[in-house]
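We just call them A, B, C and D in the order they show up, numbering each chain from 1.
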Amino acid sequence: MSFAPANKNFEAVVRELLLGMPFLQWLGLSFAHIAPGEVDFVMPLRHEITFDGQAVQAGPIGSLLDFAAGAAAFTLAPEQEMLATSDFTVKLLAPAIGEKFIGRGRVLSRTRSTTVCRADVSASKGRAEKLIATGLVSMRALSRPSRQ
Amino acid sequence: MSFAPANKNFEAVVRELLLGMPFLQWLGLSFAHIAPGEVDFVMPLRHEITFDGQAVQAGPIGSLLDFAAGAAAFTLAPEQEMLATSDFTVKLLAPAIGEKFIGRGRVLSRTRSTTVCRADVSASKGRAEKLIATGLVSMRALSRPSRQ
Amino acid sequence: MSFAPANKNFEAVVRELLLGMPFLQWLGLSFAHIAPGEVDFVMPLRHEITFDGQAVQAGPIGSLLDFAAGAAAFTLAPEQEMLATSDFTVKLLAPAIGEKFIGRGRVLSRTRSTTVCRADVSASKGRAEKLIATGLVSMRALSRPSRQ
Amino acid sequence: MSFAPANKNFEAVVRELLLGMPFLQWLGLSFAHIAPGEVDFVMPLRHEITFDGQAVQAGPIGSLLDFAAGAAAFTLAPEQEMLATSDFTVKLLAPAIGEKFIGRGRVLSRTRSTTVCRADVSASKGRAEKLIATGLVSMRALSRPSRQ
């Protein structure tokens, strides 16, 4: 799949919007890749999101997946268009154990009203990386309030 | 649906396990109802989980739903059995705007290997309550390590 | 939840539309209940939809669920509005074994663009009925071509 | 992802099992590709599965996706192991209009109890092919009754 961004300035817009979200900040997400229809985030291991000090819980993994998919969708949005998650599905494939977690969001389709994304989450430890979750996310377009 | 708990002491076990989870603590969840196959949690509004200071993001709503479903499933677990989320699906029905959020998990079916739950999330403001999300959660049984 | 139909003639419209669908006819679905936001269908056991002459496969159970949800959504559609499934999720809770299968669709929320429904499927044998599947379905609104 | 089949004779076993299913026969599915963890099926356009003589309904698209994923999962099953769908999620990305439909199932992860697959459906017309649906399917392992 290849997509053309509707907004030439998409990278700066996506970075500013996402990095301004307090929950994304709390999770410690940083951008690892950004391109039209594609965003990767890295999430560090933190005790606060684990079940037992080791395995990350389903909720934060779902949030990483939702942020990666949402940001990927947002790279293709025209100026002034805002997006909101309308649903997300997460399958946990293996225990979420690792030093850091990479969430990769990819746009599968885009219409005026809806963008559908796939997102995968891998756990990395040293140089090894393992797929631990996959999901699908639908985003709906909202009009974006102009800032003054 | 009505279910009999396998562990008479289920309420104390579920409370201790869930309230010990750091991410549940960070979200500020408190039990509002606990019965065999049923758990309700209340989550307060916090700036840190909102998009814009007002609407809560999809990730924390998914986490509330996952915790309510997981705790409901855990009320029916035999002693020594541990459960882990294998997948969850969340549909956002309306903006997550309110003073607090009630997550209601209900067990739909239970086999030795898998428990399936429905969970709903309502936003409440004053005396009004509105359904803002619904989802389905599958939990798989793990053996529980004995504590010494 | 209670909903008011936008089209007073909703029952006749829904019956005509659904019963005209060739795949619904092939599955042998008949209406058992129709009300604003609610439709139940009965699907008979047929050898052609089973895995082994006994248990119905996941696909036809998903179709029953999709038809029940879609018809429930359609009871609330204004005249001239057409709906199409944008996604559906099905959880199989127990083997689909029975003499007939009842699919119950219920609208959870409706906006101008999207209707979200829950649907359950039960297997019945004699007077016993057992929940064997549950799911969530999103329908999106299309404009309906006028007939001349 | 690459997987080793547990049963060297996997191709013959999968073909025999799947092609013996009456609903798969009714839909007219034929194998287009079979390898460890991978199965593609082709489904012809038929009036009986369309909404209006043109666009295929969500249910049959979900069935194609479920068969492709299930067959992919089954390529990795040890002898005597049977699999059943425990859940499937389908997102319809574009109208299901075409001359034939290709369902591609790919295994993402496999444990002793559960196999998780992704499946995509494309519509083809002449030499053009378009992604029209994507989904995730979980299969659970059952023991397989021996044949005598």
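Just so it is clear, a contact is a pair of C-beta atoms (placed from the backbone, for glycine too) under 8 Å apart; a residue touches a chain by one contact, two chains touch by 3 or more.
For clarity, every value in this text was computed on a predicted model and none was experimentally measured.
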item	value
Shortest path length from subunit A to subunit C (each step joins two touching chains)	1
Other chains in touch with both subunit A and subunit B	C, D
Pair exhibiting more inter-chain C-beta contacts, B-D or C-D	C-D
Rounded Å distance, subunit A centre to subunit D centre (Cα mean)	28
Centroid distance [mean C-alpha coordinates] between subunit D and subunit B, Å	33
Distance from subunit D to subunit C - Cα centre to Cα centre, in angstrom	23
Multi-partner residues of subunit A (each touching 2 or more other chains)	86-87, 89, 91, 138
Subunit B to subunit C touching residues, read off their complex	1, 89, 91, 93-94, 108-109, 116, 118, 131, 134-136, 138
Complex interface listing, subunit A residues touching subunit C	86-87, 89, 113-114, 138, 140
Touching residues on subunit D, where the partner in the complex is subunit C	21-23, 26, 47-51, 57-60, 62-63, 66-67, 70, 84-92, 95
